[in-house]
Amino acid sequence: MKSDKKLIDENGKRLDGRGPDQLRNIKIEAGVLHRADGSCYLEWGGNKVIAAVYGPREAIPKHTQNPLKAIVKARYNMAAFSVDDRKRPGPDRRSQEISKVTSEALEKIVLTDQFPRAAIDVNIEVLDAEAGTRCAGLTAAGVALADAGIPMRDIPVACAAGKIGAENNDGMFSGGFVVLDLGKEEDNFGNADLPIAIAPRTNDIILLQMDGHLTFDEFEHALDLAMKGCQEISKLQKEALLRRYKSDVEVEE
Amino acid sequence: MKSDKKLIDENGKRLDGRGPDQLRNIKIEAGVLHRADGSCYLEWGGNKVIAAVYGPREAIPKHTQNPLKAIVKARYNMAAFSVDDRKRPGPDRRSQEISKVTSEALEKIVLTDQFPRAAIDVNIEVLDAEAGTRCAGLTAAGVALADAGIPMRDIPVACAAGKIGAENNDGMFSGGFVVLDLGKEEDNFGNADLPIAIAPRTNDIILLQMDGHLTFDEFEHALDLAMKGCQEISKLQKEALLRRYKSDVEVEE
Amino acid sequence: MKSDKKLIDENGKRLDGRGPDQLRNIKIEAGVLHRADGSCYLEWGGNKVIAAVYGPREAIPKHTQNPLKAIVKARYNMAAFSVDDRKRPGPDRRSQEISKVTSEALEKIVLTDQFPRAAIDVNIEVLDAEAGTRCAGLTAAGVALADAGIPMRDIPVACAAGKIGAENNDGMFSGGFVVLDLGKEEDNFGNADLPIAIAPRTNDIILLQMDGHLTFDEFEHALDLAMKGCQEISKLQKEALLRRYKSDVEVEE
Amino acid sequence: MTISPVIKQEHLYKLVEQGKRADGRQFNQYRPITIEPGIISKAEGSARVRIGNTQVIAGIKMSIGDPYPDTPDSGVITTAAELIPLASPDFEAGPPDQQTIELARVVDRGIRESEVIDLGKLCIIPGEKIWIIFIDIHIIDYDGNLFDAASLAALAALFNAKVPITQLMPMLEKIKEQYPDAAGYLQEHPEDYPLPLRDPPISCTFVKFNNAIVVDPSIDEQDIAEARITVATDPKGDIRAMQKGLKGSFTADEIKKIIKDSVINGSDIRKILKESVGT
Amino acid sequence: MTISPVIKQEHLYKLVEQGKRADGRQFNQYRPITIEPGIISKAEGSARVRIGNTQVIAGIKMSIGDPYPDTPDSGVITTAAELIPLASPDFEAGPPDQQTIELARVVDRGIRESEVIDLGKLCIIPGEKIWIIFIDIHIIDYDGNLFDAASLAALAALFNAKVPITQLMPMLEKIKEQYPDAAGYLQEHPEDYPLPLRDPPISCTFVKFNNAIVVDPSIDEQDIAEARITVATDPKGDIRAMQKGLKGSFTADEIKKIIKDSVINGSDIRKILKESVGT
Amino acid sequence: MTISPVIKQEHLYKLVEQGKRADGRQFNQYRPITIEPGIISKAEGSARVRIGNTQVIAGIKMSIGDPYPDTPDSGVITTAAELIPLASPDFEAGPPDQQTIELARVVDRGIRESEVIDLGKLCIIPGEKIWIIFIDIHIIDYDGNLFDAASLAALAALFNAKVPITQLMPMLEKIKEQYPDAAGYLQEHPEDYPLPLRDPPISCTFVKFNNAIVVDPSIDEQDIAEARITVATDPKGDIRAMQKGLKGSFTADEIKKIIKDSVINGSDIRKILKESVGT
């Protein structure tokens, strides 16, 4: 989906007024659900997602149990009404791939050894979708896991960087700008997208995907931007958890 | 599906010649199948249904067992050839809803405490469908359960009442007749349908659904009619079981 | 699918130059896969199939186990690209029927009593399809079972005979030639197909299907031809296994 | 079978014998109800409904499709519910089970049979092109009484919805090329407009246990309930839909009493709905 | 693995060694066969077939559809079987298993390959509109030998069927508007008419155990059978379809004997079929 | 949990500490790669790829279909993988699981996003008829590193493919009747012709365990791997796709090193591809 649409002006200003290394607005609230063991509501630009954590609890069916540690099962799901053309309910191939890479990313972070034979279920529900839902979902899942009191090495966080600009019709590269956190138009007409998730204390990369076209230098730049974005969002996660903790304390007082 | 079709004349005569509180012809035969533990063939107007009961037998898979009592699983199914436009084989959403409310209605009646961990399977097969199949199916199931010798508080029985008449295009009510046991045209063009099932000895209502538009007074009238219909059909059920019992005795003699 | 297409000339020469009792070219190679316990690649005219055997191994899920003997599960599958119009992946009704009759044919041959509670899985993959894939698959399966060292009464082998010629439009029979091993055009426009599988030492028939129109005499002739075809192919199977055994010995030396 | 459900049951049984409920409500009293319309920007209409801690989001999507042969001039409604594992430790992913199907069908009938939507006004070209309305109900937090929360969310989302003329204009223009008759529809509807809706019936759900009947069951009450009934009544107090569930029974008198209580509660809830969606 | 199947097997083994069957039949003798056509009013054709206690209902529905590209002038047959849990303690609800699929496919081939239905006469507009015939087979009571009962029920239902011109007239009129060529078909077929059928082959099923071969196996015989074979023969005694099943084997001579017995039994059954459907 | 996986792990751990792999390869060395194009006669294009003992067959089928509304002038690609039970004792029959879906989607993106196929040239009538390309990947023998074997097989099969003008001529003629514009396409393409393809990126997969990173993992290495990453690079050394998998992590520096190694290996593999398909 290349186009001649101008996604960034000569001053590095993007369609929505952001600079190249600026995130969309992000709002995080922890502990929003009554039944779940931990939960998080997250708005990120036009995205709205909820994450809910159940567990640790006995993994069923039994044959899925690991006698040495807990399994982490993330389920990424889009509401039928979250996209322009109604999505049929149930998992499609894209959702299943995102569920898989998210599960793998979270399993690294959770101290699964403490809960043999257990399952930790992470449900990510996309209510409103506008570019970058997998990063929004994983970031919300990190907060929900912490809200559920699941012991973790770190609170996982995700962010993407990408490239916008022009590309000739024959696919040959001819310039482009590496920017943080692609918005909707940028995602549709951009030249590359690089979503990552990290453990913010060590910068270990636990999720990484890339589509599009990046030179090695552009990749270095994009990876660096995305990591900085993750660090920024990590702060917002911790603030949300602190607010949640404070409100609990207030209620107790 | 409202229409101006005249479903009842000034003398209270309905399209098929019945009066307002008259049932269609009903024919019940118990013990019609060789393999089933109990069975019943029932014709009700143009409806033809068979019910077969298997059990009590061990519930499988094991995790469905209730250690304190039997589970009653009704399965309502329409034959592909039982309707005007061929129905795809397998359960559709309507069948599943009817299976659920029928299972729940029967579970109340069966003395399930006597058979912990068991399943009692009630299979209802609609061979020819013409308005009112859920009542016909549940009524046949009651006979098949009795034929199988399943201990019950009572023999469950079902019947519907409804409203036929005129309704303005804007949905505003303007008169109508409450009648017993809607026929095909009445079901398609009537204004309300109220199927119920009861335990006939106590008049306890074990199934009740209502679609359409009834004033409170009409509802009272319809409920009363449907209950009287149930009592009438209850007699036919018992006669069928008596014939079945007699023929068994004759064979033994 | 009858037609006036002339499938055989006055000299008994068929479209592809074969005589009436002549097989298409068959090439068999045993032990072609690394992971499988036994395997076989087989070309038969334009057909290309692979068979792989896993087992004996514990049958799962457990409730499928037979405490007295092994179960033999054949799975016949066509690759999406093996036919003119792409086939949707996954089992269709035809594949399931072939899987069933193939499983039953093989179970007779394998000494299943030696492996209680075990499963022997036979996977038949059709890569290129051109009339007669079920016979090709079963023949390859026989070699793969032997290559896996599964104890058998005999090495099963399959072949078809059929009838080609003219039939009137009203379905009345008017002559025709019984020939061995129908090719593609013969299969599409022929009048009968009789695939069989046998245990070649005893000529016991373990698989037999017939579609079309055969007089009793034609049937006798066709069955005789198909059995002779089986014997001929049985030799090719054994040669392939010998080559495989020799190459193993050479490697060891 | 742990011991705790039995203790819970005994506790709730004793309470109702004293005329009380665990959360202090009257038998005929709802938990607090809030309705937030328009919370999903990608949906044509949406609403979040909270009844106590139960939380449901409904979204409306619309697309242009072909009418059914037997109703050539009518729009089409499709209702689906998802009891996603997010909402309860007991919900599992997978195709809809009987509980989910019953919920979706009861909500659907409540809207369809009482003709809340004037489907005749959702025709673009008679016999050729009509609007399809997808009502999708997402259970977010399950603390009892899904029937009422789901019905109310669906109604609020419908009242919040706009027919997406602007967004689908390219497709509508194409349709006009093929069917010149569409010009009339487009002239009449140059921009997004609200769905043609009638004053809706409101669903009220009751459960029965230990001979008591209470409205708006909490999850604990629902877990021990013997019988359940949902009654939808309209502004005139007429009955528009009923559905009895669970294994217990009701007497005729109990049902008549329930209908009267439904009218009273329905009237209060209708006010909340109207205030929230601003009609 | 309870002991009872072993005892049953020993009993049946001993009997056949003495030339006997448990129900007193000869090896080559069917149980009583009854055929009741026309028992389903909603179906275009129907029949109930009983072979002993085995009971099968077949129904025919027809609709108007598009031909397959490679047979533009031919009607289409679709055959489905349902082994519903009503009929046996061993049948389970769910998508068709391999046993059900084999049954449906064998019945289908028996009709399709022997050209019982003249599909060329089921064309309304060549290349555009044809009749689709749905053959649905419901197993009602399963006491052995489904193949023969199902085949016979399908045939009887076909002979009972009428092409539903009257019922589908509104649709046919619409088709005539679009394809004026349909006028010819409608002039030729102003009202319901029987399906164009040929004298059918009849299926006979045999099982083998303990070196004996018996026709029309009861459920007990089927349970212990080593091998099964179904042979369909036509009025001239020609073979039109065969299907061997189960894990045992047959010799060539056994199969030839079976074919001859099929012709004899088939001829008797054909008479029963013709009498019942009145052709 | 048998003991053997632990012993295998310890063995491989010790080896990499000494800079060695179990089969004697360097960390950055592939197993032997062979590509055999054109092995399936029924397919429009096909190839068998072997990487060591891993064996994959890809087949291309093409058909004529309708374009997506948002890309009216473009052909369509559909990629499916089958991890059939033939290939491994651990693969089960059934609908594709998450592993299979990930594999198919990664191969698909490697082809789609890097625009290997010029989809704009696969249009027959703009807005009406386009070519659909089905890429089906059959895993035949699974000995590790499916991502690279599957990607390479898909590419080789595409380079081997011919647009089946001759075979589909009857359908194309029919289309010409309906859309006279098709004449231009048919005049330009009177016979089968190769797919319009660009120089493709090559995928290289690495796994990490015990702090070592090795390319082209064997099945044993894959079983104990902590993290996996696949990088597709083009002839200029630019990155065209990446996918990280498994539960472990990589540092930024590790990934940069992996990219550089991918460019080196990708260049060697590209040569093998070009030689085998003769471009």
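Order as written gives the chain letters A, B, C, D, E and F; numbering starts at 1 within each chain.
Note that a residue touches a chain if its C-beta (ideal position, glycine included) is under 8 Å from a C-beta of that chain, and two chains touch if they have at least 3 such contacts.
All values derive from a computational prediction rather than experimental measurement.
Undergrad: Hey, what chains does subunit D share as contacts with subunit F?
TA: Neighbours common to subunit D and subunit F are A.
Undergrad: Figure out the least number of contact steps between subunit C and subunit E, where 1 means they touch directly.
TA: 1
Undergrad: Compare the CA centroid of subunit D with every other chain's and tell me the farthest one.
TA: C
Undergrad: So, what's the distance in Å between the C-alpha centres of subunit F and subunit E?
TA: Between these chains, centre-to-centre, one finds 47 Å.
Undergrad: Just curious, how far off is subunit F from subunit C if you go by their C-alpha centres, in Å?
TA: Spacing between the chain centres: roughly 32 Å.
Undergrad: Distance-wise, how many Å sit between the C-alpha centres of subunit B and subunit C, to the nearest whole number?
TA: 52
Undergrad: Express in whole angstrom the distance between the two chain centres, defined as the mean CA positions of subunit A and subunit F.
TA: 27
Undergrad: What residues in subunit E touch two or more of the other chains?
TA: none
Undergrad: Ring order, please: subunit C first, subunit F next, then the rest.
TA: Traced from subunit C through subunit F, the chains around the ring are C, F, A, D, B, E.
Undergrad: Can you name the residues of subunit D that touch subunit B in the complex?
TA: 1, 96, 98-99, 101-102, 104-105, 109, 113-115, 198, 229, 234, 237-252, 255-256, 259-260
Undergrad: Would you pull the subunit C residues touching subunit F in the complex into a rising list?
TA: The contact residues of subunit C facing subunit F are 33-36, 46, 48, 50-52, 54, 57, 75, 77, 79-86, 89-91, 121, 123, 125, 127-130.
Undergrad: Please give the residue numbers of subunit A that touch subunit F in the complex, ascending.
TA: Contacts found on subunit A: 67-68, 93-94, 96-97, 99-101, 104-105, 107-108, 171, 173, 194, 199, 203-216, 219-220, 223-224, 227.
Undergrad: So in the complex, the part of subunit F that touches subunit C is made up of which residues?
TA: My answer: residues 39-43, 46, 53, 55, 57, 59-61, 63, 80, 82, 84-89, 93, 95, 134, 136, 138, 140-143, 167.
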